[in-house]
Amino acid sequence: MNRTRPALNVNLGGVKLRNPVLLASGTCGYGTELLGQVRFQSIGGLVSKSITLQPKPGNPMPRVAECSSGMLNAIGLENVGVRTFCGEKLPEMRKLPCAILANVAGSTPEEYIEVVEYLDGRRGLAGLELNLSCPNVRRGGMEFGREPGLLGSLVAAIRRRTRLPLWVKLTPNVTDIIALARAAEDAGADALTVMNTLLGMRMDIQQRCPILANLTGGLSGPAIKPVALRMVYQVAGAVSIPVIGVGGIETAEDAIEFILAGASAVQIGTATFRNPGSAEQAVQGLAAYLRQSGMTGVNELIGAGRK
Amino acid sequence: MNRTRPALNVNLGGVKLRNPVLLASGTCGYGTELLGQVRFQSIGGLVSKSITLQPKPGNPMPRVAECSSGMLNAIGLENVGVRTFCGEKLPEMRKLPCAILANVAGSTPEEYIEVVEYLDGRRGLAGLELNLSCPNVRRGGMEFGREPGLLGSLVAAIRRRTRLPLWVKLTPNVTDIIALARAAEDAGADALTVMNTLLGMRMDIQQRCPILANLTGGLSGPAIKPVALRMVYQVAGAVSIPVIGVGGIETAEDAIEFILAGASAVQIGTATFRNPGSAEQAVQGLAAYLRQSGMTGVNELIGAGRK
Amino acid sequence: MQAGIIKARRFGPYARLVLKAPQIAQRARPGQFVEILISGKAAPFWRRPFSICRVEKTTLELLIKVVGPGSNLLANMRSGEFVDIIGPLGRGFTLRGRGGMLLVGGGFGAAPLLFLAERLRACGRQVEVLIGGHSREDLLLRSSIKLTGASVACATEDGSYGKQGKVTDLLIERLPGRKPGWTLAASGPRPMLAAVAGIAARHEIHAEVCLEKVMACGMGICQGCVIKVGGAYQRVCKEGPVFSAQAVDWNNV
Amino acid sequence: MQAGIIKARRFGPYARLVLKAPQIAQRARPGQFVEILISGKAAPFWRRPFSICRVEKTTLELLIKVVGPGSNLLANMRSGEFVDIIGPLGRGFTLRGRGGMLLVGGGFGAAPLLFLAERLRACGRQVEVLIGGHSREDLLLRSSIKLTGASVACATEDGSYGKQGKVTDLLIERLPGRKPGWTLAASGPRPMLAAVAGIAARHEIHAEVCLEKVMACGMGICQGCVIKVGGAYQRVCKEGPVFSAQAVDWNNV
């Protein structure tokens, strides 16, 4: 039994965190909504909701649907736009005692680039995360994140525009996640976030129509954990940059599964809705697990379950 | 309120069933295991576990792992082989008072074809379902079912070898399910079964290794229902042959969601493990729903929720 | 937070629960709600929102109508058991003005009105409460509301108690001739609230309505519960659930 | 099938439940098990298997050890509540031969042995039961087994009751000099069963063991619970859970 406190700090492609647990994009608003519910000093960081060039009102209602061990969302990237984000939200966010990352989205490469250039060098931003699950208006609605060539050239273009650490968040709705991960790494990503939501749907059997106004939405929550874990395992085996695991994590045990599979850190998404203390409790549980295992730090655990 | 009994019978690409609820491949054994647990006269049919040319012992243990609202399996297509299937299992199966389909798997096109030729014309077989989630040994382990070209040529080759109705079961672990569905239809499939399991993983945090000896396995159960429903919706909109929905269906309400999305029938898989009466209860609940909705038959419901 | 149930009473499809939850009770305002994580067989994935119906120093009371699996499990809980609860959430009634207030409630929509009536009466304001429901059993909290010193009038659609008809018929009857300074507050089914909004507009009287929407988080973080208010999306759980009736786009709720 | 709990007793990490389940009780044989669909907070997805510990005409008894969420919920159920149960499942002990039988149980592995002892005694066969556990509290069902007329000897690893050491030490002591026709039955942790199998082989005595394996279906349909028996995979839930100790490939269970 190791009596000293295990080291929890991690460096994720240049983003240094006190511990490897973050709140996921879109599930913690701009952070301030959760003041009073989350003790930010006890978590590693948070990722803002996806920021676009112009403010977006989001999709029509209904936007959410409940599922077994999970939920669908089709929020439609509702956000204040990058200018208001920098002018009004970020000044409040950087008061939060944890690392802040901005998640970036767009529907053309130029949009992504403009947002990234606007964010570059802003005080208080520890890094950027690219959400590539947005349909590309130019390419007939195919998502940037589902075609390695498209993904690679977009990431490369963005990489040249910012000195901020750049995380690329991968969509799971693909045949070959490894090809996408490699394309992102080759294009200069500093870390990969695996994964976004699975595309799903629900029907209203009373009204006889899809529940979501958008017809389909993204499935999140414990239901998707095994898929996320598999993708983290695959990606961590294929790239040499850090992987941040997301998808269905609710507890320390869940987080440990991801770290064993090769994740260097994890993000907590939907779990916050049911239990705003999830992230903090995951940190505590992870520390206890490392102590009980006689490990000196989380680095010893990363990938320790790989075969 | 309609007082006459709604018609539940369906014709699925030449397979005529008294009602649109079947037991899914691999989750009802060879049927006889469930005598005493399932009243076969009240369901539409059952699909055998995947049959291969040679008997297969299956994967090493552990083969299953529990998840939130679902499970992983990596059984490894354990089965008696097509000869014993026809010689010993089928004679018992055809005594069951419901339609019997054989699910076929292989690792080369020749294997598939040999199995199909062996099965063609056997008494008591209402049709065949092709499981294309098997790695193709010749193509570096890429599954037949993940590449439209590969899938199309395999289905076309099989189509020429049998007069039995041919269902093609699609794997969901792809970028573009529609391309696969169309390839199957073009190659002569009579109906499409959507979907097989999502590829997933779990870690044992005590042993620090993957729980499954096979590392990854297929995720099934209510957890995957929204994904299956979305794929059924997509596929039913893209082909003109019947679609059979499968994935996480436990209740009549679940089945109705799939039929509204465009499925002409459904299969019950993992639900049978928790409640062997699921399929029968789904039939009853579907009949009650049709009655309450004043519909004359299930045909009125198919796709009625599409926009 | 875990809150102990200290009283539980079941009647028909309804239940009243009293919970020990000092931090919530002390901060709660009428119109605010709590989110409860329900457990048990077929428990739903999301928390479920319920209006705060009344508070004492350290306790709060909820009125639950059984409409599905979550409310069913909750309504069957017994005193001595615990619930996982977050709150108080959202923005309540503004209590603006000093004049009298007409409160209009339908079904379990009466819940926040009891709390509101108590607070208004404690400020010495005149309160008249109109309660509607399908039949007698659905006229909830009548006697508790009367005990606050508010006057109560009822309407049932089947005529089994009070005026026969809708509660909005009662409102139309009672509204003319009010002194200026009177305002309206309403809580209940969507169509009733829309009708109240229309009536208030015609009579040029300020009205606030307490809305409901399926909520994934209840804390303002998911943007899943928005409605159109003043031309823009607002979150029912954060900017609401109480909105000025005039601002709500009733075609988009 | 729903079965009512008619008796529930909790002691330490264990519980004994008596269920009303006539169809199961009438068909059950020692070594068979039931599968229970557990509900409640954090209830597991799969059913959970438990050995039938004793039957009366219309009831059956289970012995539950709390090891995780499922067993915990079950062990806390109260008389009057219902469980969703399937059974009897699997193949029990063969009861072959007419001679005496030595039963070896570890921990909650004693459960099927009580049922077995009762049936053997009812046929007038001689029964000796050896029970092992970490300490006194883990020596389960001792007195119930004694009441069948079987003789009972115990071993604890901490020496708090009976012989100090493993139950297999007891077995090695007791085995020599048995008349031909005696056979062995064992139920408990994997290492204990493997040790019993080894001892039985050395003494050339027929032994049957009751195995455990994580079960997804429990009904022989998923092939998820297989072990190597006689060189081929067999399902613990269908061909087992009782196997001839000699046939089991102990490196592959």
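Side notes on the structure shown:
All chains are identified by letter, namely A, B, C and D, in their written order; residue positions are counted from 1 within each chain.
Just so it is clear, a residue touches a chain if its C-beta (ideal position, glycine included) is under 8 Å from a C-beta of that chain, and two chains touch if they have at least 3 such contacts.
What you see is a predicted model; the values in this text were computed from it and never measured.
Under the contact definition, chain A and chain D share the contacting chains B, C.
Listed by label, the chains that touch chain C and also chain D number zero. The chain with its C-alpha centre at the largest distance from the centre of chain B is C. Centroids of chain B and chain D (each the mean of its C-alpha atoms) stand 37 Å apart. The mean-CA centres of chain A and chain B are about 34 angstrom from one another, to the nearest whole unit. Rounded to whole angstrom units, the spacing between the C-alpha centres of chain B and chain C is 48. Touching two or more other chains at once are residues 67-70, 221 of chain B. A ring topology is adopted by the chain contact network, closed into one cycle in which each chain touches exactly two others. Taken pair by pair, the chains that touch are A-B, A-C, B-D, C-D. Remark: chain B residues 65, 67-70, 72, 146, 173-176, 198-205, 208-210, 215-216, 219, 221-227, 229-230, 233, 248, 253, 256-258, 260-261, 289, 304-305, 307 touch chain A in the complex.
By the touch criterion given at the top, residues 39-43 of chain D touch chain C in their complex.
By the touch rule above, chain C contacts chain A in their complex via residues 37, 44-47, 84, 86, 213-214, 216-227, 232-233, 238, 252. Taken together, the chain B residues at the contact with chain D in this complex read 26-29, 33-34, 37, 57-58, 61-64, 66-71, 73, 75, 78, 221, 272-276.
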